[in-house]
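In the two complexes below, chain A is the common chain; its partner is chain B in one and chain C in the other.
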Partner chain A sequence: MESLVLSPALPAVGELLVPLQQSDWEFVWRNREFLLAGTAITVLLTLSSVAVGVLAGLPAGIVEVYGKGRLADLVRNVGVLLRGTPIVVIFAFTFFVLPIPLPGGRVSVLGTEFGLDAFFAATLGLGLRSAAYQAQIFRGAIQSVGEGQMEAARSVGLSKLGAIRHVVVPQALRRSIPGFQNEYTIVLKDTSVAFFIGLAELLTTGFNLFVQESTAVFEVILAVSAVYFVLTFVTNRGLDALGERFTIPGEGSR
Partner chain B sequence: MSGTDADLLRFEDVHQSYGDEKVLRGISFGMDRGDVEVVIGPSGSGKSTMLRCVNRLTEIDSGHIYIDGEDAAAMDENDLRRRVGMVFQDFNLFAHRTALGNVTLGLTEVRGMEKAAAREDAMGHLERVGLGDQAHSYPGELSGGQKQRVGIARALAMDPELMLFDEPTSALDPELIGEVLTVMRDLAADGMTMLCVTHEMGFAREVASTLSFLDEGKVVERGPPDQLFDAPEEARTAQFLERLTGLHDEDERSGGPRTSSDGHGESDGGEPSGTRRGERP
Partner chain C sequence: MVSRDIDRRSYLKAVGAAGVTATLAGCAGNGGNGNGDGGGDGDGDGGDTDTATPTETPAPQIVAGTAPGFPPFEIKEDGELTGFDVELFEAIVAETEYEFGGWREFEFDALIPALRDERIDAIAAAMTITDERDQVIDFSDPYYSADQSVIVREGGDFMPESLDDLSGRMIGVQEGTTGEGVVDSELIEEGDLQESNKRVYGNYTLAVQDLENGNIDAIVLDQPVGATFADQRDVVVAYVYETGERYGFGVRENDDARQQAINEGLAAVRDNGTYEELRNEWFGSE
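Now for the complex of A and B:
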């Protein structure tokens, strides 16, 4: 019955391909705060996930290069598992299965509510998977720093940890910026999969909009895509600038 | 000369291998404080490995290495390395730190100095190798010779009792070798104990107290440099030195750089010839 009621309102294919319906753009504009709230949640989720990714990924990368024995094996195997699992499955695990209690309660961002449990589960899922990828970025960067750097540091009496911290990692971090730019972009866009566990991030808010006004599907999706693009572009430029700021004089361009 | 407790560095029947490949096959010798030992030998003879065993960048299979009477194997490796400076063929300067930063790292992190004091101390070492004005340059902005001098300053800053030089000039353009050798000569003159793997025969003849010829993981012949150059006892030593000299003759013919290994009249003057290298264009 419902579909019968709805079907006259569904746009023809031709109309869908013309994203210039003024009324639909006005609909997007009227709901800008709603989309902005989604954007804010997307940004927060990206930041928290990337942070978890760096905090877990850098040590994991170091362990993969320098670690021995069970710990290194464990890190490698968990990494393979996380990289080999679809993000939706990871979310299902962190949201529904994880045997640790998720924080309860709801938080309102710019008038849009979201559940802390979903946010936490999404951060954990995206963050841990990102850590698995970032570990490989850092591993590659660490391995690209010549063995001679470690030897020179050891030869002045630095401990292995001291050499890693003061000599290898500072150089490796600089070299991981290009790979990190990729990873950041992927995390940003994969926040949209949090849709699956009901987190009202940007794509979810967009989806909620065009089920209200189904003629505006294309316009809403374009608007949402534009926001993702701007976020990606701005942050990548920021990371470019960071890379240039920390370029080692005399080392040439990155 | 070897085997006394007074030795600053003593090798006793040191063996080392990488897997099945035996690199050192029973090395024994001793160095007194202030000695300059130059080690020569063909590629793969174990020269670098021998140096690396001293500060335990490479661990030995059997035998003993004593530093000032203490068994190196029983020492804390970081402590050992603070007492034994090392200079590398490829410099291995910390690429992300300035010349000054290269020298201060060990001072602050190993010797526990305050930053300001470390900087002051490091400046002194950079000035000693003639690089006070390059303190704020990064390795990528320095010439090979300057890099190696920073490498020497970095090692000196730890106030080592012994310095290891692993082919310190082999990666340098010929015109940059002189400035590094000059610094090494000055160090020797100041009484630093130095174990040097180098094929700079001029340096060996002028500065070395002892010259060792290493082949297939063994010391084939060891003695005062003049003796090895002029009257080697072993045929292998003679052959090797002949080959080195031959190479240098070729350099000379082609107008390239020369070392003084072929200039037999050089060692008898007793004059400090430390500037000879530096005089080359």
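Now for the complex of A and C:
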């Protein structure tokens, strides 16, 4: 057996890694197109969900800070409900239960086919749950902007809405980047749950591969993990750079 | 100061534009959807549905659902869905007047909701006919009878000869399968096995990996699947437990037309030798 035992100093781990065979790595490489297609679906789903999350989460965060009455109560309660529901239950709800018509038809990404209905249901589920989390990120960031900012803005004649829009939110958005990095990473990894409703994203592609070549479990999982790592790393570094570029003058942290 | 202003404005503009675009896209999506429901069933085959007119009666379809990851019944090979169930069911539908509407993949537990929700018309996923399932969906005539194998490490000293021998050992099962049911009802409820000694996997491949690594001592699984693993991996079948369990194709309750068509198609492929051919192809190593 041609095995790549990593280190003779770690016999237990070495034994565990005996299945790391060259032929299995070749199998992973041969199937790189499927993994790539799965990656593309994962990236698309992450982007659409994070977009829904920002578009619904930012207003929700503002309402949670400044809102009063029924609207604010509603936003808070829906947020608690979404944050407290497992993602697979949310998917089952958006796909099977929700009485809105989902688009029909199937699309092919790099040769891997998937149903638009599953993609939309997954985007809705992940996006709304992400909005609930992002609302808290934005709420925290908005509350971190000193109250003097609001008072100063009002005293130079801005309306309350104008002050929120032109003074508070631009500062809060910058401060929300660290929390947003967390949320992006969580959404990226939770796309894997979308297989429940039949969306063949990256992890599902990996599962299908090692079911076909059952000796390649470790190799496939390592390859899939590496892709998730690269996606997380690149985006987090990108957001870091964005945060530095748009840093609040006089508040540079580095 | 000025450049900062521009940055902020262009930033807000960009965010605003993104919002508007997303809203419009949402509207367009919903609008298109109303049109799509009429002729959209055949979308999988390409653009020809655009030209379909309401006067044309669409051929009745059977869209089949399965849960890949259960060799040799349903697996993905180089991205293509295949396996005993897949080939058999396609052959069966070819014998009926229904048009085959393609495969949809789900996790096993999502298949019955998908069937009841009319996202698929039939389930072909090595599904055992049970009373519990029979209450919510209907089944075709059984097309396969699978007993449960107990598989163990090749060359190991643990070689059970009955289910009782499994007592006190670490046993692996796949979630929601008959194997898990047997372990629950015959061992755990009888007090022969601690609940903590049952290890549940999402997928048999992971269970076999754990068996080879020595983390569990045996796996209870469908006999043909066990035989496939015995061929491919360093495991052997120690003992076969006869459950008399049968697999059936799932159809919606009261969908008598499709149920009958599938039953007739199954009889036809049995008669013309296709069934035997496929069984030999997929379980030939036995």
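Here is the rule we go by: the second predicted complex is superposed on the first by the 235 of 254 C-alpha atoms of A that agree within 3 Å, B and C clash if a C-alpha of one lies under 4 Å from a C-alpha of the other, contacts with A are read in each partner's own complex, and residues count from 1 in each chain.
In this text, a residue touches a chain if its C-beta (ideal position, glycine included) is under 8 Å from a C-beta of that chain, and two chains touch if they have at least 3 such contacts.
Just so you know, these numbers come straight off a predicted model, no measurement behind them.
Peer 1: Once the two structures are overlaid on chain A, check if chain B and chain C clash or fit side by side.
Peer 2: fit
Peer 1: Counting residues of chain A in contact, which comes out ahead: chain B or chain C?
Peer 2: Comparing touch counts on chain A for chain B and chain C gives C.
Peer 1: Contact-wise, after the overlay, does A:235 reach chain B, chain C, both or neither (first, second, both, neither)?
Peer 2: Neither: A:235 stays clear of chain B and chain C.
Peer 1: Under the stated touch criterion, which partner chain does A:215 make contact with: chain B (first), chain C (second), both, or neither?
Peer 2: A:215 contacts chain C only, not chain B.
Peer 1: Pick one for A:249: touches chain B only (first), chain C only (second), both, or neither.
Peer 2: both
Peer 1: Just to be sure I read the superposition right, which of the two partners does A:225 touch: chain B = first, chain C = second, or both, or neither?
Peer 2: After superposing on A, A:225 lies clear of both chain B and chain C.
Peer 1: One more residue to check, A:155. First (chain B), second (chain C), both or neither?
Peer 2: The answer is first: A:155 touches chain B but not chain C.
Peer 1: After the superposition on A, what does A:136 contact: first (chain B), second (chain C), both or neither?
Peer 2: After superposition on chain A, A:136 lies in contact with neither partner.
Peer 1: Where does A:174 make contact in the superposed view: on chain B (first), on chain C (second), on both, or on neither?
Peer 2: first
Peer 1: Return first, second, both or neither, reflecting whether A:85 touches chain B, chain C, both chains, or no partner chain.
Peer 2: After superposition on chain A, A:85 lies in contact with neither partner.
Peer 1: Of the two partner chains, chain B (first) and chain C (second), which one does A:146 touch, if any: first, second, both, or neither?
Peer 2: In the superposition, A:146 contacts chain B only.
Peer 1: Please state the minimum Cα-Cα separation between chain B and chain C in the superposed model, rounded to the nearest whole Å.
Peer 2: 5
Peer 1: Output the chain A positions appearing in both contact lists, the one against chain B and the one against chain C.
Peer 2: Residues 170, 249 of chain A touch both chain B and chain C.
Peer 1: Would you mind writing out the residues of chain C in touch with chain A in their complex?
Peer 2: The touching residues are 4, 7-8, 11-12, 18-19, 22, 29-30, 32-34, 36-37, 40-41, 43-44, 68-71, 75-79, 104-107, 109-110, 113-114, 117, 119, 203, 205-206, 208-209, 213, 229, 232-233.
Peer 1: Quick check on the complex: what are the chain A residues that touch chain C?
Peer 2: 16, 19, 31, 33-34, 51-52, 55, 92, 96, 101-106, 111-113, 115, 117, 120, 165, 170, 195-198, 200, 207-212, 214-215, 217, 246, 249
Peer 1: Enumerate the contact residues on chain B facing chain A in the complex.
Peer 2: It comes out as residues 55, 57, 77-79, 81-82, 85-86, 88, 90, 92-96, 105-106, 109-110, 137-142, 151, 154-155, 157-158.
Peer 1: In the complex formed with chain B, which residues of chain A make contact?
Peer 2: Touch list, chain A to chain B: 146, 148-149, 151-159, 162, 166-167, 170-171, 174, 248-252.
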